[in-house]
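Letters A, B and C mark the chains as written, and numbering starts fresh at 1 in each.
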Amino acid sequence: MRLAGFYLFAALVALLPVVFPDNYYVTVVGVTAFFNIMLAVGLNLLMGYAGQISLGHAAFFGIGAYVSAVTTVRYGWNPWVAMAAGLVLVWLIANLIARPILRLKGHYLAMATLGFGIIIHIVLVQADAFTGGPDGLSGIPGLVLFGWHVDSDLRWYVVAGAVMLLYVWLSLNIIDSREGRALRAVHGSEVAASTLGIDISGTKVRVFVLSALMASLTGSLFAHQQAFVSPDSFSFFFSIELVTMVVLGGLASTFGAVFGAVILTFLPEFLVVFEDFQMLIYGAILMLIMIFLPRGLFVTMADRIGPMFAGYFRQGIRET
Amino acid sequence: MGVLLQVSGLVKAYGGVRAINDLSFDVKKGKVFSVIGPNGAGKTTLFNLLTGVDTPDTGSVNLDGYELVGRPPHRVAACGVSRTFQNLQIFHNMTVIENVMVGCHLRGCSGLWSAALRLPSLLAEERRIRTWADEALAFCGMEDLAQARSSELSYGVLKKLEIARALAAKPRMLLLDEPAAGLNDTETLEMCELIKKISETGVTVLLVEHNMGLVMDVSSWVFVLNYGSCLAQGTPREIQRNPQVIAAYLGGETGIE
Amino acid sequence: MLDQLIQFLITGITVGAAYALVGLGFAIIYNASDVVNFAQGEFVMIGAMSAISLIDMGIPYGVALAAAVAITVCVGLALEKFAIEQARDATVVSTIIITIGASIFLRGMALIVWGKDIYAMPPFSGEKPIHVGNATMLPQNIWVMAGTAASVLLVRYFFNRTATGKAILACSYNMKAASLVGINVRKMLLISYGLSAGLGALAGILIAPITYITYDSGVMLGLKGFSAAILGGMGNPMGAVAGGMLLGLLECIGAGFISSGYKDAIAFVVILMVLFFRPGGLFGSAQAERV
């Protein structure tokens, strides 16, 4: 069963609010976790599978969020139109920069994506006539889905959860296809992939654009859910956090990205009790995991628990 | 039998050193064409030029009317050229069957969106690709290893996997870069049989190899490369008797008898 | 206009000198171990903060500065010993995350020791401005420039003339070959980390009297140092120095003539352009892959 892990996960997501109704960690932190999962799953396609590091992924998340925020607050656009506008803008930008950026490798690629992320962040801070500057922009309207107002924590849980599951499903599908294998081949050996007829730069560009679009849509949802955006949410640090989510769970595993996103969403919630020590502990955990479990928490666990479970979660082996 | 590949006036220099120096030769359709020569003679460079991995300074490579020079590797591959690598280039992040399925890339056409939404057309194509990949694996005698992780296999098996992957593309010409290097005697014998079997299916084989026994056994034409130039060419029998070749190899480890 | 330009040049060179030192630290570590150390900026912060605290304790100025450098060198050695060395076979992405983790860890430590307060350091030698035409500069500007020049020359001497320096260079070309000819690779790695931590601390001490320092000052400085190293072509120490100077100048001229809010953006746009058109950096060789 190719999607057994997915169904299990979907059932878990559906059951949580039933078992723990009105629980802060489910309906509030849970929604944040969903957004992070969406971002991490998209980034994992680019980083985990295609092997292209991005230290500026928060930029696309930010562009989506800000296009939604600015056009709905300042110009009264319909949120759905705003969302589409965000996607179009991100599509344009991603296509524009993808080719030159993805020609770079290793640390140079890291630098270029990082630089891009910082540029976008600075623009969000500086273009205050539109973005409201460092103070951000508030009063973003909620979403209305066919007359159904998404206005409570639980409703947002449903909407974000559904989109999140869609992302996971899409990602699982892509990996197990001609295009997905091409992605992984590019990661495995560029020269071999190209001599088998795979257009390396085209493949990289497509997945870069796709993960940017996924981030943009997440950003739009995030803006409407929070009703407020500020540049802090889209800084260099958040890009790093996203990379950490993907690596923490385990590169090249969709559920690894899910796992990493969940852990990193809840970790600060629990570290709050340590107050000033929060940062210290966070840094230490990052280092320890990367040093001792470099393949990621989830992937290592999946391998340890045994082939019985690993077969369910690890994609790529197909019996159909 | 017509000519499949026509190489003329090929030159490639690396900082003043001419690795390939004005090479011209023809490869006949459906034959095994071997390139031999001492280490550093420019054999791998030649393969890189033929497959678009590297671009020659001048010269032309013509495959049945298509000019290959100037095309990026994936376009050369689309013209029907497939290859293996001297130092293995296996996708270690995939299973054996997935490696071979990547080989079928050019025979499919589904894109990112149909994959994401898992459209029926994609599923049909996936089934076809899987069948082709199974066939290529079976052809190389590896059908029972389909689900193995490539990182767990021995060197000899990986050599065969690269060939299966290259064959899965249904190439008109297959370039094998030292397929027997590092293999033991039994494996070399198997490789020899495999190359003959490939040739029998009508695929033109371009072979670079140091094992002279294998070369003389499978080739119909042998091309001797020395310092980027042609030292001699002819049938295996002619090459074995060629005094220049014997002189160049004198005292060498080769098994020319 | 001309005075303004001179003023920007003075500031630019000062800022650039600090970037150059940080970039030099990046390049040294990258050369020795193929690791981009994202905690490099934290060395700068720790150096400056320790110096300020020690001076506050009443320790003589010169002693305090030397002790601050020593403390930072110890932090650098510890980083190599307990993090980098433990993850010797890690991939590029893993080492990036490890050093980012280290930078967060060190920042967290600084937060506990020094809190969120803003610190300032008394200048080395007075605050009486020096006039250059209608432009002015502080004595500290000269200290920064001279200090940087001196350390760059020393680093050059170290790598070109001393046996240890040459041994580190040998490691950077081929670690296995270096260890085969009897070079203690692990020791060389330690020395490189110590050296670049020391350079970072020096940068921090030099610029602390001009800027203010907080527990998170290292972030931007680290990023700028990384940019400097990339601009110069990763693994080319003198390229990193040139890259740093260039970056400082660009920033100050951009801030002066275009917009101070966008000064960092201008710097990064230039870096992107350089990477797009010269993917190996300004003074680096193009990347090549062997098949």
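Convention: a residue touches a chain if its C-beta (ideal position, glycine included) is under 8 Å from a C-beta of that chain, and two chains touch if they have at least 3 such contacts.
Fair warning: this is a prediction, and the values are worked out from it, not measured in the lab.
Nearest to the common centre of all protein CA atoms is the CA centroid of chain A.
Taking the mean Cα position of each chain as its centre, B sits at the greatest distance from subunit C. Between the CA-based centres of subunit B and subunit C the separation comes to 49 Å, rounded to the whole angstrom. With centres taken as mean Cα positions, subunit B sits 41 Å from subunit A. Subunit A and subunit C have centres, each the mean of its CA atoms, that are 32 Å apart. For subunit A, the set of residues that touch two or more other chains comprises 191. The residues of subunit B that reach two or more other chains are 53, 85, 89, listed in rising order.
Among the residues of subunit C, those in touch with two or more other chains are 291.
In the complex of the two chains, the subunit C residues touching subunit A come out as 30, 36, 83, 86-87, 90-94, 96-98, 100-109, 111-112, 219, 223, 226-227, 230, 234, 259, 261-262, 264-265, 268-269, 271-272, 275-276, 279-281, 287, 289, 291. Note for the complex: subunit A touches subunit B at residues 170, 173-174, 177-182, 184-185, 187-189, 191-200, 206-207, 210, 252, 316-317. In the complex of the two chains, the subunit A residues touching subunit C come out as 47, 53, 100-101, 103-108, 110-112, 114-116, 118-119, 122-123, 125-126, 190-191, 236, 240, 243-244, 247, 251, 276-287, 290-292, 294. Interface of subunit B with subunit A (complex): residues 51-53, 72-74, 76-78, 81-83, 85, 89-95, 98, 101-106, 108, 110-112, 115-118, 122, 125-126, 129, 147, 165-166, 169.
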